[in-house]
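Both complexes shown next keep chain A, but they swap its partner, so chain B is in the first and chain C is in the second.
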Partner chain A sequence: MSNPRILGIAAFLLAVFVLVPVFINLTGRWDFYYTLTSVALLSVAAAGVWLTFYIGRINIGQGAYALTGGYVSAILITQYGVSFWVTLPVAGLFCALVSVVIGLPILRLRGVYFAMVTLVLTEVARLTALALPVTNGAKGITSIPLPGELSLFGLTIIPDFATLENPKLAFYLMAAVLMVLTYLVLWRIVNSRLGHLCRSLQQNEELSASIGVNTAMLRVLSYAISSFFGGLAGAIFVAISQSIYPSSFVVQDSVNFMLYCFVGGLGSVFGPMLGTLLLYFGWDLLSIAKEYQLLIYSGTMIALMLVLPNGVLSLLDRKGGRK
Partner chain B sequence: MTAPILQVKGVTKRYGGLTANNDVTFDVAPREILSVIGPNGAGKSTLFKQIAGFVTPTTGEVIYKGNRISGLPPHKVARMGVVRTFQETTIFKSMTVRENIIVAHHLRSKASLLGFFFGTGQAQADEAEFAASADDIIDFLGLQAIRNEMASNLPQGHLRALGMAIGLATHPDVILLDEPFAGMNHDETMRMVNLVRRLRDERGLTVLLVEHDMPAVMKISDRIVCINFGEKIAEGTPAEIQANPRVIEAYLGSEDAAIGM
Partner chain C sequence: MEQILANGLYLGAQYALIALGLTLIFSLMNVLNFAHGQMYVFGGFVTYTVVAQFGLPFIVGLIASAVVLAVMGALIEKFLFRPVIRKSKRDESTMLLAAGIAFFLDAVILLLFGEKQRGVPKIVNGVFNWDMRLIMPYDRILIAALAVALIVGFILFMQYSRTGRAMRALAQDRMAAQLMGVDVDRYSMIGFALGAMLAGLVGGLLVTITGINLGMGGPASVKAFLMIMIGGAGVISGAIAGGFILGMMESIGLTVLAAYGDVTYLAIFVTLMVFLSVRPQGLMGKPWG
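Take a look at the complex of A and B:
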């Protein structure tokens, strides 16, 4: 790894874990914690969407897995008294499992057909949540306790969130750690042989198969990892809001996850992170435009896609040449 | 004739009412260069797809080294040693020439995907081996000058060579070349003919090819199988095929009509 890259990563980590909390402390803008926590979590889900883009599939169904992950966590906590920290990986794995079952048939589709089916998935998840007894229908699940203590061999690793004087900071740090880990995994996938194979799949599935790549397996694997991220993000969102409803994640959210990837750039691992930050803050900032908010927002989106079809991060490529 | 490496046995493929291949049978000997010829739409490509596992025969089977490979998915057929290159210049466009060839070494990786994720010793050894083998193939095909060129920027002739390089990277025993000489001028064709010969002579490959360029086919092939309307109508050495009245009628005859003779 080159020196500037290490510096860049160090600067990023410093900003996320030190500068942001210090800045918020100084300015007293505690609401920023909530915003940034959301950005971190949304970018985790968007990272999953990005991975499906990386195998050449347009995924507009991440909301379904965020919702599923959220419900899995909520149900396990409220009805079975399971610790939040256990439900977190379980929610991710459950989503991965569901995505394998769903992915096996639908990943045979390509292009707009796959996109259409995934678009429907979010709605299917919402309707399922409305209909099932275990999800408590439209009333949803509320008053979910905050994450409890996580201890290993009697050693407290993470204290009970309810006893903290500043749970907002705790949630922020948790989301940030998860985001960093997610992008570390994603970066590693893309820069290992797995990533090369995904690229081969994206560029030419037939040729990929003829050089001996088990394309069906690879597609399902990528989709499962993608959904795992979606489930994780969903579970933490539920822990923060302490409630979940069938409408917690809707089609609009699924579309947003996809837009985050587009805006940030499909060519770079960190595209979805940047895209989430820009769009989430951009939307908030535009609220001063009142009724023109949506108009300006969507107009900017269209302009961005025309001017920078490969996302904001493609600016770097243009300047520095191909990585 | 030695024991065949590949046997096509009564392969029939129907799409609804259309019969693309009807009861096609022939054997391929090890280290043989065998061409499949026939007019447009005769079912040559369909036949190739069935051998490489992209299409499952309606009836009949393809036997490779005693094992049935028809009906297996393409990646398994490739794993066994039968690899197809494509009619259209099919490559990974957004990768460099060298990256294309390295990726195509996938079959030979010993480390698991998880091993590659964590960068284990085996994974690193694999990567080093792939890189060395890729350079070897680049030298073999004379692609040194364009090794770091993006594949999307390459001209036709190089693209086809790259397609062949991708096929070679899987280290097949049998390579299926789909129209390797299409769109090439005489010099390029002769160079390609030489290259195909070297595949057999220096790398010990068995070569199956589908081709329209009759002079090239006659020059390069040990044997030729001629297909018309999905059925095999002749099989033999280039001299036998040239003298076969059914071939002349079906193939060369129609060609004459097409050019107004």
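Take a look at the complex of A and C:
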């Protein structure tokens, strides 16, 4: 690893964990915590979408897994009294399991077909949540307690959120940690044997199958990892809002996850993170424009697409010469 | 039973018309037009404005929305899709553009027409009643007949006109069509305009019955995707089949599954998933789109 890269990562970590809280403390804009927490969590889900892009599939179904993860966590907490920290990995694993079952048939589809099926999947998740008795239908699950204490051998690692004087900061730090971990994992995957195999899938599936790559297994594995991220993000969202409804994650959200990846750029691991920051934060800042908010937002998005059709991070490619 | 079938046919005719526009755009340019539902809503509002605000006859409103949407489609293709397709590394980038356009149209509709539910007065009064076995208002019959006429007209146009033949050639093989002297850019633009025009026409037709509001765009797009998945993306006969099949399933499902609550669409989606895992390219589609 080269020195500039280490410096860059250090600067990023410093900005996320030190500069942002200091800045918010100084300016008193406490609402930014909520926005930035959302950015961090959405970028976790978007990381999953990016991974499916990496094997050459357009995934517009991440909302379905975020919703599933959220419901798993909410039901375990409210009905079985399980600690939030236990439900977090359970929600992720449950989503991964569901995605394997669903992924086995639908990952045979390609291109627009896969995109459309995953889009429909979000709608299926919403309708299932409405129809099942355990999810409490349209009324949703509300007044979910805040995350409790996490201790190991009597040593408190994370204190009870309800006793904190500033749960917003705690949620922000938790989301930021999760985001950093997610991108670390993603970066590791991309720069491993698995990543190389995924790239071969993206370029030509038949060819890579013909030289002995187990494409079916690889596809399902990537999709499961992707859904795991979606489930995690969904579970934390539920913990923050302390409620979940069938309409918590809808088709619009799934499309947004895809857009975050596109705007940031599909060529780089950090594309989805940047894209989420730009789009979500930009949307929040544009709220001063009132009724023209959506007009300016979408106009900018179209303009961005015309100028940089390969994502914002494609600017870096050009500077670095040919790849 | 007759009632269910008639409702299914009525829904199917409208659905097929929406799906036709979407599948035409997809087959010509390999673009999944996320903004199709918004175009449909826009068309409805144009008809509403002409008929209810200016007090002109319905047919004028219908033509106005067809013209407005065709122009809009042509402009979107020429100034947005064409440059992006040329510059981007991956085909999928057009999806971002299409989604951006969908948001943009939503914003424009909100600013121009507001967020209220709008409708126009009935164009024909009265109800057709066959011995209480089949009851259907005359305006619905008229709309269904108009939709079928438009579908037939569209098929004839694609089959026998020079433009239609050029577009079919483009859909089959873009490169070969270009080598045979088809002006690819021009026919892509005409195709996009035609697809948008069909969306506008459906909007204009439906504003007389269900009315129109801002929130209808997204769900309409999802339904249109469903239809072209059933029939196979990029195939005209598939879009028509998909439209009628979805209309029929909805009509039957709403009657048969009514006892179990609002599960019709859930059942349709699950059926579709199973169907697609057996036949990924839909009924008539080309494998791998």
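Odds and ends about this structure:
Keep in mind that, in the parts below, the second predicted complex is superposed on the first by the 321 of 323 C-alpha atoms of A that agree within 3 Å, B and C clash if a C-alpha of one lies under 4 Å from a C-alpha of the other, contacts with A are read in each partner's own complex, and residues count from 1 in each chain.
Methods note: a residue touches a chain if its C-beta (ideal position, glycine included) is under 8 Å from a C-beta of that chain, and two chains touch if they have at least 3 such contacts.
Remember, it's a predicted structure, so these values are computed and weren't measured experimentally.
Applying the stated contact rule after C-alpha superposition, one finds that A:Ala176 touches neither chain B nor chain C. Once the two complexes are overlaid on the shared chain, A:Ile75 sits clear of chain B and of chain C alike.
Between chain B and chain C, it is C that contacts the larger number of residues in chain A. After overlaying the two complexes on the shared chain, residue contacts for A:Arg110 are found with chain C alone; chain B is out of touch. Shared-chain residue A:Asn214: touches chain B; no touch with chain C. Using the contact criterion defined above for the overlaid structures, shared-chain residue A:Val120 touches chain C, although it does not reach chain B. Contacts of A:Asn204 after superposition on the shared chain: chain B is touched, whereas chain C is not. Looking at the shared chain after the overlay, A:Ala131 reaches chain C, while chain B stays out of its contact range. Contacts of A:His196 after superposition: chain B is touched, whereas chain C is not reached. On chain A, the surface touched by chain B in one complex and the surface touched by chain C in the other have no residue in common.
Only residues 188-189, 192-194, 196-197, 199-200, 203-204, 206-207, 209-216, 221 of chain A touch chain B when the two sit together in their complex.
Interface residues of chain A, counted against chain C in their complex, comprise 53, 58, 102, 105-106, 108-113, 115-117, 119-120, 123-124, 127-128, 130-131, 251-252, 255, 258-259, 262-263, 266, 291-292, 294-295, 297-299, 301-302, 305-306, 309-310.
Against chain A, in their complex, chain C makes its touches with residues 26, 30, 32, 34, 80, 83-84, 87-93, 95-97, 99-101, 103-104, 106-108, 110-111, 218, 222, 225-226, 228-229, 233, 261-263, 265-266, 269-270, 272-273, 276-277, 280-282, 288-289. Against chain A, the residues of chain B that register as touching in their complex are 52, 54, 73-75, 78-79, 83-86, 90-95, 99, 102-104, 106-107, 109, 111, 113, 116-117, 119, 123, 126-127, 166-167, 169-170.
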